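Down below are the structures I want you to see.
What follows is a pair of complexes built around subunit A, which joins subunit B in one and subunit C in the other.
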Partner chain A sequence: MTNSNDNKKSLKSFYWLWAILTALGIAVSLYAPGYLMPESMSQTMHLSVLTMVVFSVAAAPVAAGVYAAALYILRNWTHKGDSVPAAGPAFRESGKVVITWTLTSVLLTVFLLIWGLGALAADSAGSTANPLVVKVVGQQWVWSFEYQGQNGTTVMSNDLYLPKGREVLFHVTSLDVTHGFWAPQMGTQVDANDETITDLHVTPNKLGTFDVRCTQFCGLNHAFMVTQGHVLTPSAFTTWLNAQPARS
Partner chain B sequence: MTTTLEHKAPVIKHEGGGLARHQNFLTAMIGGVAGAFIAWAISHHFFAQDVRTTSDAVAVLTGCGWIVGFWLGIGALNAPLAWLIGSDQTRKDQLYYAGEDQGTKRYWKYCTDHKVVGVQYIVMTMVLLGAGGILAMAIRTELIVPGNHFVDQQVYNGFIAVHGMLMILALIVAVAGPWGNFVVPIMCGAKDMAFPRLNALSLWTLVGAAGLLLTTLAVGSLTMGWVVLAPITDQAGVGMDFFALAILVFTVSTTVAGVNTICTVFTMRTKGMTLERLPIMVWGAIIAAALGLYAFPYFSLVEALQILDRTFSTSFFIGNAGGTGWLQANLFWLMGHPEVYVILIPAVAAVFEIAAVMARKPVFSYRTAVAGMVGLAGLSILVWAHHMFTTGWAPTLGGPFMVTTELISIPTGLFFLVLIGTLWRGNIWMKLPTVWVFGFIANFIIAGITGIYLSDIPIDNQLHGTMFVTAHFHYVFVGSVLFGAIGALAFWYPKVTGRYLDEKLGRISFWLSFIGVQVTFLAMFISGLRGMPRRYASYAFIFEHTNFISTMGAYMIMAGMLVLMGAVIYCWNHGEPSGSNPWHANSLEWLVSTPPPLENFDVLPVVTEDPYNFGKELVRS
Partner chain C sequence: MNRTKAIGIALTSVLLGGGALALAGYSLASATPHQTAQKCVPNPTKVGHCTLTISSYPDSLAGGHGKDGGAHPDWVSYLNQDLSVPANTVVDMVVNQYDGGEVLNNIFFDQVMGTIGNVAKYDGVTLSKVAPDHVGHTFTLRGYPGLNGQSGKRIFLNVPLIANEGENAVKIGSGEYPKPVVIEFSFKVGSKGVYQWNCEYPCGSSRVGQFGFAMASYGYMAGTLTVE
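So, the complex of A and B:
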């Protein structure tokens, strides 16, 4: 009892569906990350949003292809009626299809890797010789920031102040449990670990305020371990720094 | 070690008598509570009260007392203890433990029949998912509006941990437990598992571990997410001890189950059942079992060292005493990422199996399907540090781990190829299992693509630790694994009960769950993209709308799950009779009667081809 109907249909509507869904996916990909993600205030964040867009665009035809295939199958090849469906065509292998599919996914993956590794390198390469060093200290459940003031004094603040256009190097640590130091508008984060200093660098390129949040679960008031950051002009930053009382 | 052949000493001499004939879940609970109490009383009495670690040591010993008492009470140790005093089980004893002529009572017992264990796993999975689901609803209800209103913050944090762990346990066993036990041995043409007693042991050890985990909620003082990494664990009370012990005991269960599955498939296949003729489901079961055998020892190790830190003041993970939390993080994720595929692979394999039968076609490119699963399992052991991209540990390893992680999209892509290829040009039989398969496809593509973002370090530096990650892995676990598991349930339910899972209720459940998943987790992606971190008990007003939507979606999923649960319970005795082979499939489990007899086959079948030649009439001797 083999199936006389070989279930071959014109694939035209499948290709149309694929094209429409891909176009839709690309449109969303171009628009959504920039719209949904926080305002970009650094090159790092800009790169992060851009990478979201690029990856989404690359993934759109794949997702659209799978959805189009699933919908096309549902539209054309579902068995009608209550009877037991006859056997479908018994093809088991298609070397051509497997190789095409695998090669395509390898190529896509390689593209994503090249882009990702390039973005990673571009972001790490930005270190200048003279960054502003800010020590970030997390403890349950507050952030504090330490700056070098005039004449070797230490200035402390619970808000984070950064000058625009200068690279900032954060030395991040914790006094108790692990916290996660994250500034969403800066597009980067690193954990604050007890007994350890981790580095993070960023160059703010836009004036304004930004958020600082904790991304590692740190106990009772984890949700409230937030503070504000401010990007100032270099001169305003110097004025602010000099106006702070020095800590011995 | 020799025993004489004529040596025969039955453990229980007279029929129907002896304490061991009366052991069941109730005696196990009594034994467990008694064991816990005895261990608590002794340790509480003798340990010095002024030492910091005393309460932890007492808690660990109490937990050990529970599990030993539970094992004794259920009868898990009867056979080994009897063997120690020189008496072996007779054939009659074995049949008793296999549940012969005991009706439904055997489902409450230490039963060695793999089909009974399978049913027990169905119930256990539903209990775990139900408990974890209640916690999920509590969490989502707390997050319905900004601010802290419904659940105390400390309690909320405990809920986050226990919800996570319960769901992980539930999903590890959701497919491999019920169907790895019920159908895989029959699919191979075996009369039972290779080690029937170990099979029962794995199930009842899981029950014991779940008891410990729920105790955590009762004693409270657990204040971290499910990953529970040092140093914050140092601040947790005795809830942490029960949590660690629960995991330690659980790894015993999975190890025993994994060894059993692999041995069964490799040694007990019937004549003619070559590896290439195995139903694809069997491959999924053994690949996941093998991966589990690699991964779970790390889990045991993490928890054992953690318990030592807490009870003997060692400092493996305590930074200010010379240890490092990063050691724990590494060990944990060496387990943690393979574990995701221990969960995923059986569900994928079940979906392949259902797709082939329902499309009335062979699995497309069977070898690619197997290679994809093996490739995924192999890669998964090389990617653990992508969970640690933002910790600051080994920044120069970021690149290599990014490479291995993104390579995962290749075997994952093969799964879609196999699925689409299998359904392509088929005569798709749109029954309840098929519906869940299509739901799986739709959700799994979203799960996969959002994973690609997180594998990329520049994006992960932004999204790590946010609700985006939570939404991503819920698309994996709920949207994909749970949908696959429910498809498998709908598919094999008639083999267990002789009745269909109700088509109409099942479809209502599907649409509620499917729409619920999209609403909940698409909105959660947006919360994450907009900057909301995970594990928040409260949040800023900018996250208000998306969280409200997520909560509404979560209620829809709950409604869907309740309908499904109602259908599973109702149809067990009142569903439409299905006969022994409702899907007209060819694999061996459909060729035995329903329910399958004890020991499955009177005469072991001889297999001449794989089960996917739907064009031919079935040959039944």
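So, the complex of A and C:
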């Protein structure tokens, strides 16, 4: 049996391991999204990325504690031989440990809840009185987009064109099976269902191109149900819209 | 079981599992198409042009699916599904449309898009769109840079095929069909890539949106266009 000083000395290596892995986890949480996540082209996407970073940083000490404990136990408490090892003291008998992990779990959960509600409130999508309405139609295996043109006409396109700085209200639907309308750089995704209109708001805040993909496995050519989106200046968007042939 | 033996078994399992995955991946990657691709024929009188002729039928009796239409003789079909064209050429395409038709479920596809001039000739008449309630099929081709490692340019092309309402007049394979509506159009392709095409007229029946059966199976109303 080890004495108290041995235990403290031994636990020191666990704390060091925990600290190092936590620092590593925080570094990955801070820098990896820049390489792994799509470019942010809306406030919605910005908040999504920020939420992921903050949640990852908050989770880093927890994950590091688990990994450090696992490594520490494997290194120090591996039982050799074929005999059944004697049971050690159970954690649940330690009041300090139980209170610490219960309080930590509660605090982390409350933090995630408050952050999530705050992020939802901060995303001002849906607040504009006069958004640009775009009907998004998914069908096997092509996207098409309908706009209100001049004099009540309809304009249709296979590419999604949006003006920068104006709120867009998508009416998302499908003509056959369920599709998934996903614009990664916009941070928006919603199912496109047959005979149902689902609303989705976003305000593009950066010029450039973005991807539009299907996220629901929808049949033979699902993997190729992709197209491009373009965020234009408001004047360029108006020019594009007016140049399109009226469909009705 | 001693530790060395356990480690040996674990390593062997990992190697065998990895080998099986690698074999499956290699087999899929090197799998040949289900049919020999129809090649675009160089046009001797127009430099940089080639001609590709395909046909659409109300069934599978025209010969492409074997004697008496193969497994699904009543399924609508294009005679050739896998097409091959040389890089950086203008493809002059001819579609012989033998099938009837009705109403598109999305009027977006009544318009000719992505061809040179955004027009096609229908029995010699140049049109940019057709009546959406008089469409037999569509030839809708698309490709997106980056998919499958392709480097070619992005393509989105749609040509609606007018419904053929003629009486049966010709025999092809074991099927009888009206005189075809001949649709001609041209489009440019860039460097190498594999593009997907399919019909966007709901002609498959029996599933949501009429996109089942022939519409949901390679070899009938969908295929590839390979730029090589």
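Criterion: the second predicted complex is superposed on the first by the 222 of 248 C-alpha atoms of A that agree within 3 Å, B and C clash if a C-alpha of one lies under 4 Å from a C-alpha of the other, contacts with A are read in each partner's own complex, and residues count from 1 in each chain.
In this section, contacts are C-beta pairs under 8 Å (C-beta built on N, C-alpha and C of every residue); 3 or more make two chains touch, one makes a residue touch a chain.
Remember, it's a predicted structure, so these values are computed and weren't measured experimentally.
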Mind checking the superposed model to see whether subunit B and subunit C fit together on subunit A or clash? clash
May I ask you to decide whether A:Leu113 touches subunit B, subunit C, both, or neither, giving the answer as first, second, both or neither? first
Is A:Leu36 in contact with subunit B, with subunit C, with both, or with neither (first, second, both, neither)? first
First, second, both or neither for A:Trp77, with subunit B first and subunit C second: first
By the touch definition at the top of the document, which applies to A:Thr215: first (subunit B), second (subunit C), both, or neither? first
Winner by number of subunit A residues touched, once subunit B and subunit C are compared: B
Could you tell me if A:Tyr67 is touching subunit B, subunit C, both of them or neither one (first, second, both, neither)? first
After lining up the shared chain so the two structures overlap, which partner does A:Val177 touch, if you call subunit B first and subunit C second: first, second, both or neither? both
Which partner does A:Asp194 contact after superposing on A: first (subunit B), second (subunit C), both, neither? both
Touched partner set for A:Met156, first subunit B, second subunit C, both or neither: second
If we overlay the two complexes on their shared chain A, which of subunit B and subunit C does A:Trp101 touch? Say first, second, both or neither. first
Once both complexes are aligned on A, which of 19-27, 253-261, 397-405 or 505-513 in subunit B overlaps with subunit C? 505-513
Residues of subunit A that lie at the interface with subunit B and also at the interface with subunit C: 176-177, 194, 219-221, 223-224, 226
Please name which positions on subunit A make contact with subunit C in the complex. 137, 139-142, 144, 156, 158-159, 175-177, 194, 219-221, 223-224, 226-228, 245, 247-248
Residues of subunit B touching subunit A in their complex? 153-154, 157, 160, 223-225, 229, 231-232, 234-235, 319-320, 325-326, 359-366, 368, 390-392, 398-399, 402-403, 406-407, 409-410, 413-414, 416-417, 420-421, 423-430, 438, 441-442, 445-446, 449, 452-453, 455-459, 461-462, 464-466, 526, 529-531, 533-540, 584, 612-617
Which residues of subunit C touch subunit A in the complex? 105-108, 111, 113, 140, 142-144, 147, 154, 156, 196, 198, 200, 202, 207-211, 215-218, 222
Show which residues of subunit A lie in contact with subunit B when the two form their complex. 1-3, 6-8, 33, 36-38, 44-45, 47-48, 51-52, 55, 59, 62-63, 66-67, 69-70, 73-74, 77-79, 84-94, 97-98, 101-102, 105-106, 108-109, 112-113, 116-117, 119-120, 123, 172, 176-178, 180, 182, 184, 187-191, 193-196, 198-199, 211, 213-224, 226
